[in-house]
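Across the two complexes that follow, subunit A remains constant while its partner is subunit B and subsequently subunit C.
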Partner chain A sequence: MSAPAVTMDVRRLGHGVPVIDIKGDVTAACEPVLMSAYEAAGGGKAPWLLLNFGGLDYMNSGGIGMLVTLLVRAKRQRQHLAAYGLSEHYREIFELTRLDEAIAIYDSEQAALSAAR
Partner chain B sequence: MTDTPGPDEAAPAEQIGLGAPEAAAPASAHPRNARSWAHKVDRLQPDLREGVRGTNVAGRRLAGPVQGFGKMWQKTYRMNAGPGIAPAEAISIWRKHFSEFWPAGNRFSTPITNITPGDVALLDLRIGGGVKLSTGVFVLYADAESFTLMTPQGHLFAGWITFSAARDGEDTIVQAQALFRAGDPLYELAMPIMHRREDQFWLATLTALGERLGAADPEVEISRTCVDSRRQWRYARNIWHNSAIRSLLQAAADRRKRGNKSGTGQGGTGKDDKS
Partner chain C sequence: MTHVARPMPRRLDSFTLASEAGNERPALDRVARSVAGLGLPAPRVDRLKTAVAEAIMNAIEHGNGNRPEIPVEVEVTQDGDQVIVAITDQGGEAAGKAAAGGDAAINAAEPDLFKKLEGAEGPRGWGLFLIRNMVDAVHVMTDGQRHTIWLAMRTGGAADAGHV
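And then the complex of A and B:
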């Protein structure tokens, strides 16, 4: 198996809201990278976690499945997930898979942050 | 439950005192696998096909693991197909002949012979006692090395199953991995039986596939993980769409209709329902 072609960096916005910047290819093989980023973002300690898909190149159905498992972890901690930076195509995929009913989608970082504050 | 503001309710940046906005540049408008995904659908509209009953699908919405009722499970069935076949070739054969590897007594009908994103396949599944459950699946994703089927409302499971193949050293490993919850409380009660039947189903399917792919003695490994042990009571009302109950009622209504016709001499065949 080849190493996943993805980076997931963590930074903090105002009021300490963590955001994971996702760049590259999101597939099921990325799960260890995403879970490491989740821990670096404080795990479930923050009430909100933002996912920035602005650098997303590619995502397959395994990647969607991985987001569902992240969602389960977050919900266990009563943490909200929000996504932004999705292209029109991947926004439709979130709607098709009905993932948008559990992960709120915003047009921009500012909009996601304003919901989280 | 806490209400969170949706995208339309979010305050603009000026109102929340942000400085220079660090706007997220949306990802490429046409990713390289855009054609591998189905287009968005709100409700399924399959055509009727011969060989399957084709009920409990039209007008239904898709239901993923987020919309299911029961505990969330990830189940993986893996089979070593050996070194003689490339992953893409294995998936190509599986997509073209998908239903041929199913155990006898179950039917899978697609609009065309291949599995293509956006297709709705109609299913008749043997659930015991001579009863067949009529439902369907939606082809969510398909590329050269994987494809994914997603369930509609009323299916036993709310979720999806991904079929894939990949090299592991010299060998090609073929896998079916399901992520799902039982669709409603009735299905959740039946989960111990459904787990066993599902394992038997995919064990038989992967064994048949392995034989077709040239594996000498295909062995299937099964693993099961409970991803979320909580039940989602807000989805208990999914039972309204339960395809097992509806299939039973539909079969009873069909029998009654045939009985009335033969009783009044209107040309009933007297044959058993084979759908």
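And then the complex of A and C:
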């Protein structure tokens, strides 16, 4: 499998809410990158984890599967996931797959942070 | 009755790619370029790109077994008010069973997110579901070793389920 064309950097917002900034292609190949970012964000310790998809170029079914794996981990820790920055196309895919029922979707970082605080 | 001759299908592009993971990425951009100017609204181009990417991934992985020396063939055609993308691998019946076993398999694949979250299903298995929901029609055919999936999208109007 080719090297993932993605970066996932972790920031802390107000009240220590972690956010992972996703830039590039989200495919099955980037699962180690996501899981490293998840650990850097505190793993399941934070009650909320925000995913910033503002830099997303491409996501395929393998990437969706990877998000499901992340959701399983978060669910075990009773952690809430929230997403923002999704394009209309990927919002539609979140709706089709019902990911939007498991990951709260917001229009902006501020809106997601308000929900998480 | 007056008969109006239907225009012949017009090939917009045709190419092959090596069966290596990740090769769907440049291919879907090439398909998008080939349909530029046909009047497909941007959201429908995005949907076509997603379906093409998933079909190519299946062809690479399930059809050609990730063997780079076996090419995936991609052909983009305009036929009346439809764009048709045909993706062919050499997996024959084996590919059909593993990835897209004819139209029945295309229509049967129905992943359930909440079963996946409970562990009753694996986290993957979204490809055929995405293909089916992204384009207006899908048709699969196997001829000997050749296994082809046709993805059709009308250049105008809303999507609905159907077959090429």
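Quick notes
In this text, the second predicted complex is superposed on the first by the 117 of 117 C-alpha atoms of A that agree within 3 Å, B and C clash if a C-alpha of one lies under 4 Å from a C-alpha of the other, contacts with A are read in each partner's own complex, and residues count from 1 in each chain.
Keep in mind that, in the parts below, contacts are C-beta pairs under 8 Å (C-beta built on N, C-alpha and C of every residue); 3 or more make two chains touch, one makes a residue touch a chain.
What you see is a predicted model; the values in this text were computed from it and never measured.
With subunit A as the common reference for superposition, the partners subunit B and subunit C occupy clashing space.
Once the two complexes are laid over each other on the shared chain, residue contacts for A:V72 go to subunit B and to subunit C alike. Looking at the shared chain after the overlay, A:A40 reaches neither subunit B nor subunit C.
After overlaying the two complexes on the shared chain, residue contacts for A:L86 are found with subunit B alone; subunit C is out of touch.
Once the two complexes are laid over each other on the shared chain, residue contacts for A:V10 go to neither subunit B nor subunit C. Of the two partners, subunit B and subunit C, it is B that touches more residues of subunit A. By the document's definition of touching, both partners, subunit B and subunit C, reach A:S61.
In the superposed model, A:T97 lies in contact with both subunit B and subunit C.
In the superposition on chain A, contact of A:A111 is made with subunit B only, not with subunit C.
The superposed model puts subunit B in the path of subunit C at one of 4-12, 58-66 or 76-84, which is 58-66. 1, 58, 60-62, 65, 68-69, 71-72, 75, 87-89, 92-93, 96-99, 101-102 are the residues of subunit A that lie in the contact sets of both subunit B and subunit C, per the superposition on chain A.
On subunit A, the positions that touch subunit C within their shared complex are 1-2, 5, 25, 27-29, 58, 60-62, 64-66, 68-69, 71-72, 75, 87-89, 92-93, 96-99, 101-102.
Taken together, the subunit A residues at the contact with subunit B in this complex read 1, 14, 52-62, 65, 68-69, 71-72, 75-76, 80, 84-90, 92-93, 95-99, 101-102, 104-115, 117. Subunit B makes touch with subunit A in their complex at residues 4-7, 9-13, 15-16, 18, 21-34, 36-41, 61-67, 72, 74, 140-141, 143, 146, 148, 150, 160, 162, 164, 166, 168, 177, 179, 227-228. Those residues of subunit C that touch subunit A in the shared complex are 20-22, 24-25, 43, 46-47, 50, 53-54, 57, 111, 113-114, 116-117, 119, 122-127, 129-130, 133.
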